[in-house]
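Just dropping this structure here.
Chain nomenclature is as follows: A, B, C and D, assigned in order of appearance, with residue numbering initiated at 1 for each chain independently.
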Amino acid sequence: MSVSRVFVANRGEIAGRVIRACRALGVETVIGVSEADRDSLPARQADRAVCIGPATAKHSYLDMKAVVAAAVGTGCDALHPGYGFLAESASLAQLCADHGVTFVGPTPEQIHRMGNKLEARLLARQLGLPILSGSEKVGSAAEALSVADRVGLPLMMKAASGGGGRGMKIVRDRNEIASQFTSAAAEARSAFGDDTLYLERYISNARHVEVQVLGDRFGHVIHLGERDCSLQRRHQKVIEEAPAPGLDPALRNAIREAALTLARGMNYQSAGTVEFIVDADTDTFFFLEMNTRIQVEHPVTEAVTGIDLVQEQLRIARGETLRYRQEDISLTGHAIECRITAEKPHEDFRPDPGRIDRWDPPQGQGIRLDSHCFAGYEIPIFYDSLLAKLIVHESDRDAAIRRMSQALADFRIEGVGTTLPFLAHAIQDEAFGAGRVNTNLVAQLIAEMTAQPKAGA
Amino acid sequence: MFSGTEPWSDGVTDNEGSLTEREVQRIVGLIEALERSSFDGLEVEIDGLKLTLGRGGTAGSSAASLSPNVRLPSQSAAPPAKTAAPQAAPPTAPAKAPAAKPQGAAQPGALEVRAPLRGIFYGRADPSSPPFVTLGAKVSAISTIGLVEVMKVFNAVPAGHEGEVVEICAEDGQAVEAGQVLLRIASGKASA
Amino acid sequence: MSVSRVFVANRGEIAGRVIRACRALGVETVIGVSEADRDSLPARQADRAVCIGPATAKHSYLDMKAVVAAAVGTGCDALHPGYGFLAESASLAQLCADHGVTFVGPTPEQIHRMGNKLEARLLARQLGLPILSGSEKVGSAAEALSVADRVGLPLMMKAASGGGGRGMKIVRDRNEIASQFTSAAAEARSAFGDDTLYLERYISNARHVEVQVLGDRFGHVIHLGERDCSLQRRHQKVIEEAPAPGLDPALRNAIREAALTLARGMNYQSAGTVEFIVDADTDTFFFLEMNTRIQVEHPVTEAVTGIDLVQEQLRIARGETLRYRQEDISLTGHAIECRITAEKPHEDFRPDPGRIDRWDPPQGQGIRLDSHCFAGYEIPIFYDSLLAKLIVHESDRDAAIRRMSQALADFRIEGVGTTLPFLAHAIQDEAFGAGRVNTNLVAQLIAEMTAQPKAGA
Amino acid sequence: MFSGTEPWSDGVTDNEGSLTEREVQRIVGLIEALERSSFDGLEVEIDGLKLTLGRGGTAGSSAASLSPNVRLPSQSAAPPAKTAAPQAAPPTAPAKAPAAKPQGAAQPGALEVRAPLRGIFYGRADPSSPPFVTLGAKVSAISTIGLVEVMKVFNAVPAGHEGEVVEICAEDGQAVEAGQVLLRIASGKASA
């Protein structure tokens, strides 16, 4: 469990984030880069960069054998998977173990168990967590129909091997169940190699609330409060914040306890996130899934707790006991994160790769920017469109919103289209300001924004 | 003999904006001015733009070691500057590439289906599926002939014409530029 | 006293800082730039940039008439002078008033009074502040000799119109007083147009402690705690922090109260800084001077108080009453600022202007960077060498030092030599870590650093 | 014959920007002006603009030693381009300009005092003071002949030679490059 040289099996901002955490702990880093990322900022930041394959992720960042071979070949004794790519691959964790490389994350069993959403749902139910009524598995369109009759419509049809918002369909009409089942199964087979589907009650006025947990190898598990990630576009988070605004104290507490129950129930180790859906009409909550990795939005939790989550991951991985007990955790102020992506909001969020001609990030008190971009950077077409995470931390939510609004206005990016105009619109929205967030808000905001005349330049 | 090159000095400047029509006209103006003069060479650099004009192969030889992009006129027995100059227009950043010129020998009457944007071309929905189209297949204007993936977003490419597929120009998994010809369709009437 | 369009009469990072504060308040900005700064970052950030003269500061940033004419000509109703250049020119404040332009700062009288260090010393004494024994004015070498005999050696010889560390000489030897007097008077005449000198007792184990104050037009004056700026090179601050470490509570309180007494005694308005010297051997303190402008190191106070000082300057200038009472001010955690300059520490801090080829600032929690630099920026030879201010804020001083150490290590600047290596050395110094700071520490640190083999690359 | 040079190795600074009508006119004007002149080569750099114009290889040979300001090479009978071209490599960012070659007609035996670094030259301590040296003044090796200010730091320039000032080449308040000749001293023996 020595962690003295870490292989960074990722790219983009999270690769830089992992490198910084390693350096803070005096740990060397080697990054595996694709041919497209040879000159990337993380490639310069790491102590060493090795090329693990061509630009296409399938043959580089997703090529488990190439990744582990590079880690072993460069003398790394640990590997950090970041998020995305192979971060939730139990096979990668196992392959690392087989080669004597410490995987910075939970055990292969834990990853595998939470990776199958049906198994996760089952464990949660066994541990007494509230889950949405629905099926454990539907094997045919007829079975789907009978679930619909029992639970009622609308329903959410999900892929058991999906997760993170991928492979989801809302079922609203009984007559369309058969065709939706067929296409969802085909899509799931194609995307995840597993066509197992299940159905859950669909909540229309829903908030997405998730709890950050940390566990060590000795059975200690704590939570670091929750985040609200209700602002989503096509099930992808856009704006996240901590703590969740306007939650009833009893409900907030129950959600945090539920997360602890699940994490403790599986002796979870490393950083993880237990995701819940909150029915804002009834103030009830339900377990959705658990992510067994660092999340994109982890900085908002870092801001309010003052704890460096990636450093804690590394400490846990090298066998330390948790440095905090639950009573050591206190939350200060309010933090918001905006994901800035290379997409054109006025053109249906069309991806817009290209060269960043100008990159003048906002400056000042209470602002954090996690990014791998710089003026002159050529954004590859091969990977996702995340350019930067802009995080603000203030004494309260109103101040945080003002700070974010200002920071977004100060941010100048030229050369590629970005979501800055949309984020600036969203952060000033009245419903958002009042904490009336739900998972449909972004769609409304987009509709509003595109109805307005486009802002100059 | 004239040999013009646009050695956008190094990789970084390579990637920047494109040469507009007007800029080309202006450069032509410079070339003609030099042509009228008794000079052998001209070099201009303005911000991102460098222009090297030469006679007797000298400019070419110095430029050869430069930018990987934009090398134009290696046409050896080229006519004087007048004709060479307009072709000098090309470069443009990869990400913002305009429609590329047709590649390969176009069949008479064949209609081209071009990539709507830069990305990775896929000729089938997934590795286990059959190709969207094969040589000789009949397509309608709304037939999907492939996908172009950019930043994890997939864009279906419609044929745009009715007819028969006579040539497939892009391979499955290949990176394509915006405007690059993906396949050619014979006969039928064009639509949309 | 309307402040709806502010003329930014400065350059570099402070110009950007002022522009951000204006934008946060919905105030337009026009920046006056020299020919050398036409394409600078602040020139892009402002709503409008106008050229006020050639590169040489004397004919642009220091040309009062050109500055005010440009402000009036662009319809500005206020002017922010930043720091340096004309920031402490009573004539500029008066010229603004004469043209109906609100000067964002104190009154011309207040600037004038504190600008003459002898007058400031006199007022401080009248108000009961402790001042160093010495002369009010020395008119001749003979007079200087008699002061030396009365007060004892060593003495500090200062120019009445100097300040900010300029024009100071330590007198250690009675035999050299005459020649030092002659050359100091000549230098003062040349630099400040005024050869008035005075003498003060020289304290060898000295700390520099300064108190941030805010006053409005209605006689309200508060302090925002103190900063320690003992780490200086040639009387120029290098590292600053807030609060001052390891001050006896009674001493800390007495210093803050003394600052309030002075500021209240003159009905001070706007942001200002009262500077003191602390004799670390005796735990006594003495008034040095007052700076009637925003300071370079203001961000450390912003970090621990959560108050935006430049915004408060603008609010005061437009006639608002102070938004905080003294009891509203609370200090949280510890903040440190490092000034990164384009100087080669291993070559006696030789200025090293040129093109910045690479500019990868540190990222992460608790880090703030105020800077006008970017990759590709050509640093002009005409102005000072400040490239960036790196500020960290943590729960306590040890954590802040660790964060700063890490942030300095993560900062990559190429193309010009910078003080990053020296700062990285200084921040890890044992005496600094223990809070044993004094105004001689930097000289020791430089000696240590240059004795070591130079770090690679 | 023309010989191309690329004295702008790091193009990163050169962000976008286009060739305006006026700039073209200016360049054409320069070409025509040079055509009418008796010079063989021209290089211009002003702000973002660099222009190299030459005949018979002069531009190339002169470019090797150029610092970034306007300079009219007076060398006439230069060698052919083949040898000049490789020299074309040179470059250097303006801030890091190497020592400039002596300017003007050197007097036989005159010793040069050069600027130790890039900055602003001052011939007197302050505007009210007399100049450090005047024409005909006798100096010793340690005499201060002027100051060079860079980023608010003043550097005294010693004469470095003993002798008599025979030429003052830099004006008070003028920006000078590192290595630029500030004045010339006749006879005396060199020291330091």
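FYI, a contact is a pair of C-beta atoms (placed from the backbone, for glycine too) under 8 Å apart; a residue touches a chain by one contact, two chains touch by 3 or more.
Quantities reported herein were computed from a predicted structural model and do not represent experimental measurements.
Visitor: From subunit B, count the fewest steps through touching chains until subunit C is reached.
Guide: Graph distance in the chain contact network comes out at 2.
Visitor: Among the chain pairs here, which one is joined by the most contacts?
Guide: Chains B-D share more contact pairs than any other pair.
Visitor: Using only Cα atoms to place each chain's centre, name the chain farthest from subunit B.
Guide: C
Visitor: Could you put a whole-Å number on the gap between the CA centroids of subunit A and subunit B?
Guide: About 39 Å separates the centre of subunit A from that of subunit B.
Visitor: On a C-alpha centroid basis, what's the spacing between subunit A and subunit D, in Å?
Guide: For subunit A versus subunit D, the centre distance works out to 58 Å.
Visitor: Please work out the Cα centroid separation of subunit B and subunit D, and write it as a whole number of Å.
Guide: The separation of the two C-alpha centroids amounts to 43 Å.
Visitor: Between subunit C and subunit D, tell me the centre distance in angstrom, where each centre is the average of that chain's C-alpha atoms.
Guide: About 38 Å separates the centre of subunit C from that of subunit D.
Visitor: I need the residues of subunit D touching at least two other chains; which ones are they?
Guide: 10, 12, 15-16 - these are the residues of subunit D that touch more than one other chain.
Visitor: Check each residue of subunit C and list the ones that touch at least two other chains.
Guide: Those would be 375-376.
Visitor: Would you pull the subunit B residues touching subunit A in the complex into a rising list?
Guide: Within the complex, subunit B touches subunit A at residues 12, 15-17, 93-96, 118-120, 125-126, 128-129, 149-153, 173, 175.
Visitor: Please give the residue numbers of subunit C that touch subunit D in the complex, ascending.
Guide: Those in contact with subunit D are residues 55-56, 190, 342, 350-351, 353-355, 357, 375-376, 378-379, 381-385.
Visitor: If we count contacts the way the header does, which residues on subunit C are in touch with subunit A in the complex?
Guide: Answer in residue numbers: 16-17, 20, 23-24, 41, 44-45, 299, 302-303, 306, 308, 359-360, 362-365, 367-371, 374-376, 394-395, 402, 406, 409-410, 412.
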